[in-house]
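Take a look at the structure set out below.
Every chain is named by a letter (A, B, C and D) in the order it is written, and numbering of its residues begins at 1.
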Amino acid sequence: MVMGELTQETEVLVIGGGPGGYAAAFRAADLGMDVTLVDIAERPGGVCLFRGCIPSKTFLHLSELIHDAAHAESLGIRFGAPEIDLEAIRTWKGKVVDKLANGLVNLSDHRGIQRTRGRAVFESPNSVRLHQSEIGHIKFQYAVLATGSHPIPFAGVKFKKDGRIVNSTGALRLNDVPDSLLIVGGGYVGLELGTVYAALGSRVSVVELGDRLLPGVDIDLVKPLHRRLEGLFESITLNSRVSGLKENDSGVEVTIADQIDNAVQTYDRVLIAIGRQPNTKDLGLENTGVKTDERGFVVVDEQQRTTAKKIFAVGDVIGGMMLAHKATHEGKVAAEVIAGKPSAFDVRAIPAVVYTDPQIAYCGLTEEQAQKENRRIDVNRFPWKASGRALTMDAPEGLTKMIIDPETERILGVGIVGRDAEGIISEGVLAVEMGALAGDVALSIHPHPTLSETEGEAAEIFLGTATHILPKKKS
Amino acid sequence: MARVFKLPDLGEGIHEGEVIAVLVSVGDEVKEEDPILEVETDKASVEIPSPYTGKVEEILVKPGDIVQVGDVLIKFSNGGAVEKEPEKQTAKPIETAAPMAASTKKAGPVPASPATRRLAREMGIDLHQVAPTGPGGLVTAEDVRSFAEKGPKIEEVAESEARPIVKAAPFSVPAPTLPDFSKWGPVERIALRSIRRATAKRMALAWSQIPHVSSQDDVDVTKLEVLRRRHKIDIEAQGGKLSLTAFAVKAVAAALKKYPNFNVSIDTANGEIVRKGYYHIGVAADTEDGLIVPVIRDADRKSITQISIELNELVQKTRQRKVNLADLQGGTFTITNIGAAGGRGHFAPIINYPEVAILGLSAARMKPVVVKKEVTGYEIVPRLIMPVVLTIDHRVLDGMDSTRFLEFFRNALEDPGNLLMAI
Amino acid sequence: MAKMTMVQSINLALSQEMEKDDRVMVLGEDVGVDGGVFRVTDGLIDKFGAQRVIDTPLAESGIVGMSIGMAVYGLRPVCEIQFSGFSYQNFHQIENHAARLRWRSQGRFHVPMVLRTPYSGGVRALEHHSESREAYYAHTPGIKMVIPSGPRNARALLTSAIRDPDPVIFYESKAIYRAFREEVPEEEETWPIGTSQIAREGTDLTLISYGTMMRPTLEAASILQEEDGIETDIIDLLTISPLDDSLFVQSVRRTGRAVVIHEAPGSFGPGAEIVSRIMEKAFYYLEAPIERVTGYDIIIPLFSRENSYIPSTQRILRAARKVLSI
Amino acid sequence: MPKTKIDMSDQVYFLSILNEYGNIDEALEPDIPEDILLKLHHYILLGRRFDERLLSLQRQGRIGTFPPISGQEAAQLGAAAAMRQSDWMVPSFRETAAELWRGRTLENVIIYNNGYNEGGRIPEDRNNLPISVPVGSQILHAVGIGYAIKYRQTDDVVMTFFGDGATSEGDFHEGLNFAGVFQTPVIFVCQNNQWAISLPRSKQTRSKTLAQKALAYAVPGIQVDGNDILAVYTAAKEAVARARSGEGSTMIECVTYRMAVHTTADDPKRYRSDQEVEEWQKRDPLDRFQKYLKDKGLLTDDGIESSEAEIKEQIQAAVDRAEEETKSLGDPLDMFNHAYAELPPHLIEQRNALARELEEHQGEKSHG
């Protein structure tokens, strides 16, 4: 708009086109409401589609191929050394992203959703002002806040396009394959991207503040991955802090401090992956009565309703596990509540998957949590070296474990490390959500040979009926 | 710390009363002096103000209960944080579900499948209160449903204790013996035939049992008549007869919904009022053998077209004595229209026992009516006027009730628009 | 049926008519690549090419003069003047030629063109971007003046306008452009130019309005019903010229009371014509003097004050209650 | 930063083939078929005589005000002759000779100038727009028609006429600019007759020529001796050819002179000297052309005599037909004709009201 400020009116305004936002918009539209979806990007998809899950998984798929090809040698098949055409790789990623994004455009247009470009800033509890947009203001009856999150910046570092110091967004541009790459932060983002760059030929190093990779994930699941990464990466430094970054033409001078002293190293590139923080600044929340906690996350009840009656929030912006599938579920809840349905975010097992090689997937109660809440649990581990399928895939390092309530025999949590963990975690999710007992899983026949058997056997271990592993003596 | 509220001594030797309305609900924050209950004693109906400021934790009575002085009526907790109830939507009809108590939070999650949990939310049931039958204390969907039907055992006990029942003695009036009329001249004795006898019995019963009160009104049906004329033909085409009565049936059904106290019967034996959840309207039809009252079932759920068709069929059947008994039973309110027979003025119909009210209609006629005109002040204009009478059972209803009922009925017929809105 | 804003529904009308009839051309400033400053012509250039969706030099008279030539040749140009506040620079082309060529050539030539232009205030714009001057065009013989009040009738009216054998000035309310969405059927829909419509039925009072003012008028009506129990009849003119007086005359004969609402200045505005038609055709049915609620006879102020200038629901209510009080 | 000359066409040529003494520049002489030459002669003469006859009719009160063309016949006919029938002409109001060439009838002109719209009627088979009075405003219509022609991919062209005064109008500049931008097949013919009512060409603009104004819009401009029909024809022919072959527009400035009044309501003595007029009479296009034709042996004095007679008759016949036709044009109600494709309700009401008035009026008459 070149002149004046047009005002648009809508029943439900969804701010943010990511998995949380578009899920809310779609559901609301399907429930017969008049919906407007505002996003700064032209097409829905958000970080997940354009700068997160999808692009990283396309790359991880490639790194897997590369790894398998190399590994195949020991199994009797020899491929030549891989030739890498970054241009082609980027194009392919672009194609994948386009296909999905255009799909979302169709889905929302056919639902009669009004898609509007711009950055929304609340000016009152029932209206926003739009920046960089055709429209000046939008008046709404209900709003769903789904503005997501962004990588936590490293103190005093500006991320420049084509700079040497990048965040996940920059790393996913895949401008080139640096000779050496330092990853600050041992979370899943860092490890996944590290895996990609290592596969493409970078010498990758990781520095993690904590005493282990993937803080929050049970240590027995992390170990096999750690071992593997030690082979894949140049170095993994724990209990250490990056205290300084100096960028010059030859590289980045990094000062790494552990308890004892400081080491200075130079890397071509540094990837900062020390977590994400909510996009709640400059949203004009102060004009709405929406409260945020000390870390800036929006406070909501289990119906996704914020402290402002007509405003709901979903996804990363409210914190918790910052995962697309959680946002999607929350988005639907918000839409249903707005439509007057007695819906609520009432789940017990949000699955999480780390797409490294091996993969890690878990849901429900973890051993660590149980310890914190000192709950009595019974942990049942089935090592994959006892799984026929695992061995045929040459993936013996895997592990499937089931956390079970000894009194009720109810399955409380499931953890898996190993190849294709992503594919078999869902049985665990269903079990936990259904309040299934160990017997429910143990007595369900699992096809042989598959990795899913490892879940059946883990449950059987609890019952002492396991086949491929000796029964443990019950204490 | 919780506080209880007992029925206070209302003075003048009153020791019991009937709860007419509970003006608060569980969870409400009430301030001292806020009205919380309406209790009716045989002297008066009084609004009882709250003695405390706090949160209503439990309500032990419901409208219709007879309560004794000293009975615990409501439990309070002096609530701290005042959470405002969600402001209601005037703009658009999407009502958001009220924020729910964080049921699943307290005392750890109750094992139940996601679908079961959703079902419970939909039924507004707290899973913690449902007795699980599933393995390892799993609450199943069936558990939730049966809880919804039976409700928790404990409550029932509490109920029977909380409410002493006052039984009222049934009335009875013996008929006096007749003199020998032949002493004064020739007489002929004709046997009371079925319908006549039945009518006689019922009327006598009604008259003796029910303290009748009639109120009269005039309804301007000019507009309605236009409407009726316009649709008469095509409804006849469908085998119906679009009479004013048909409209009246619909209007009454709507009125009953609004004023449920008209849709009841008194169970004097148990001292209870039986409130009916259905709206079956009887329409008196005169046959050569006398009055028969066929019943239009669920009039509230039928269109005026349906009603006029059904009514016509029923009346025909009745006149041909082809009507089956079922069609004559279960009425909750009766309309009698003497217009067809030429009745022109107000009259006082007798209630069709055990109903508690009856509506009488007479023929609509053009009458001079004074209306207010913006500019010229008052004007006399010819309007089509229908006299109506509402007779009520004063045991359950009062003059006020019948005035309201009649007003609703009048508005409905005077402006078909209102009728539409009332449906 | 898809829900659309007026911007989208007008785009739909243009797109469908261009699809159907290769005589239909779109021209104006920034209408092509940029899709128009209000994005009304968005995407048309991709569908129909730069030859039919013409980005012209910045010259209003040029745009309209050229359209007249195209129309005379037998095309059906739909030109956009970016803001009605700039169309004074092409007014002479409308008055001197568009309106007269049929008459001047005694029927040999005619000018089947449409001049689309946004009008009215309420969007916090600069000077020359907020006025309502429909009276100029309504006062000019030989042309038609149309003002839709919502997405659906905008689409139907524009379709009719494009097919009309005579020049049509098509005013589009900026305030409504994206304000609300309506179901607009995919299949073609037209509305006869020169016919008004009943926007609400009532018996006690007639409100007559069009364009931007329809929303406050409708709002006032529902308030009158809720608070005063007054049933209002509302006539949405849709076409200002030729003015269809049949509906509002009948209505006033029923209700005996009328209020006319428009954003344009009151003196010599459309309201003046409407009121005199009522005088000529319904005087003896009147129960009270007619009221006009209009913009004041001044240049519409810059936006900090525009909301005091533009007739509000409150002003309409006041006038209505005054009329009803007599 | 150097200061350099921007490379662009700044050329404006002046073309004259037949000088004021009627002497031909063989090198430039166009090859025009004899019958065309004679037809041109006929129309120059007709234009001149018809002008004179209209003037006398006006003086007799038999027609109303009109704008004479005397002196500009060559500037109009030379240009018009370069077009074919299917081409389009967009005139201003002082191109009667060109209109006649393009098929407008004499009586049509008389009827129009006698105050009847019907005179403005254009024959169906002629692509001429009616005259346009607001100065310069018609130029844009030519561009629109040109655009439409291009869109329809026919090879017709458009020729629009306007005076020296029009070059001060915005529409002139917008027109040339649009024509330049859209490369439309339009020939802009400027009848520079030195006077815009009382304002001399020298005060209209300081530009050396009017033709040069076109250059600013990347439209070639040429100045020709407008009283030299051969020069005008040659320039026009070339411009038409360019336009037909898709090379766009051209502006031709015909330097000529308005020998008579602006309109019959005007008295030039107030602003220009008799001897200026006498100066220009020496350059009369008619005499020049007749000398050329005689030299060419295409025309004799007897020949001129006979055409004079023929034309006199032609005009007289037209005058008679016109006055005959006007008798049938009396009905005031016809003023409502052609207001819209269909008469809208309010106009029907107004028309009926007038009809009633007229009847009453009739009534009174018959009583009185």
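Note that in this section a contact is a pair of C-beta atoms (placed from the backbone, for glycine too) under 8 Å apart; a residue touches a chain by one contact, two chains touch by 3 or more.
Treat the numbers as computed from the prediction; the structure is a model and nothing was measured.
In this assembly, B is the chain whose CA centroid lies farthest from the centroid of chain D. Between the interfaces C-D and A-B, more contacting C-beta pairs are found at C-D. Chain C has the Cα centre that lies closest to the mean of all protein Cα atoms in view. In this assembly, the C-alpha centroid of chain B lies 92 Å from the C-alpha centroid of chain D. Rounded to a whole number, the gap between the C-alpha centres of chain C and chain D is 39 angstrom. Rounded to whole angstrom, the centroid-to-centroid distance between chain B and chain C, based on C-alpha atoms, equals 53 Å.
Averaging C-alpha coordinates per chain places the centre of chain A 58 Å away from that of chain B. Interface residues of chain C facing chain A in the complex, by the touch rule stated above, are 2-3, 5, 37-39, 83, 123-126, 129-130, 174-175, 177-181. Across the complex, chain A is touched by residues 86-87, 89, 91-92, 94-97, 99-100, 102, 104-105, 109, 111-114, 117-118, 121-122, 124, 134-138 of chain B. Of all residues in chain D, only 88, 90, 117-118, 120-124, 129-130, 132, 134, 137-149, 151-152, 170-171, 174-175, 177-178, 181-182, 337-341, 344-347 touch chain C in the complex they form. Against chain D, in their complex, chain C makes its touches with residues 25, 51-52, 54, 56-57, 59, 61-62, 64-75, 77, 92-93, 96-97, 101-110, 141-142, 144, 164-166, 194, 242-246.
Against chain C, the residues of chain A that register as touching in their complex are 1-10, 34, 112, 114, 134-136.
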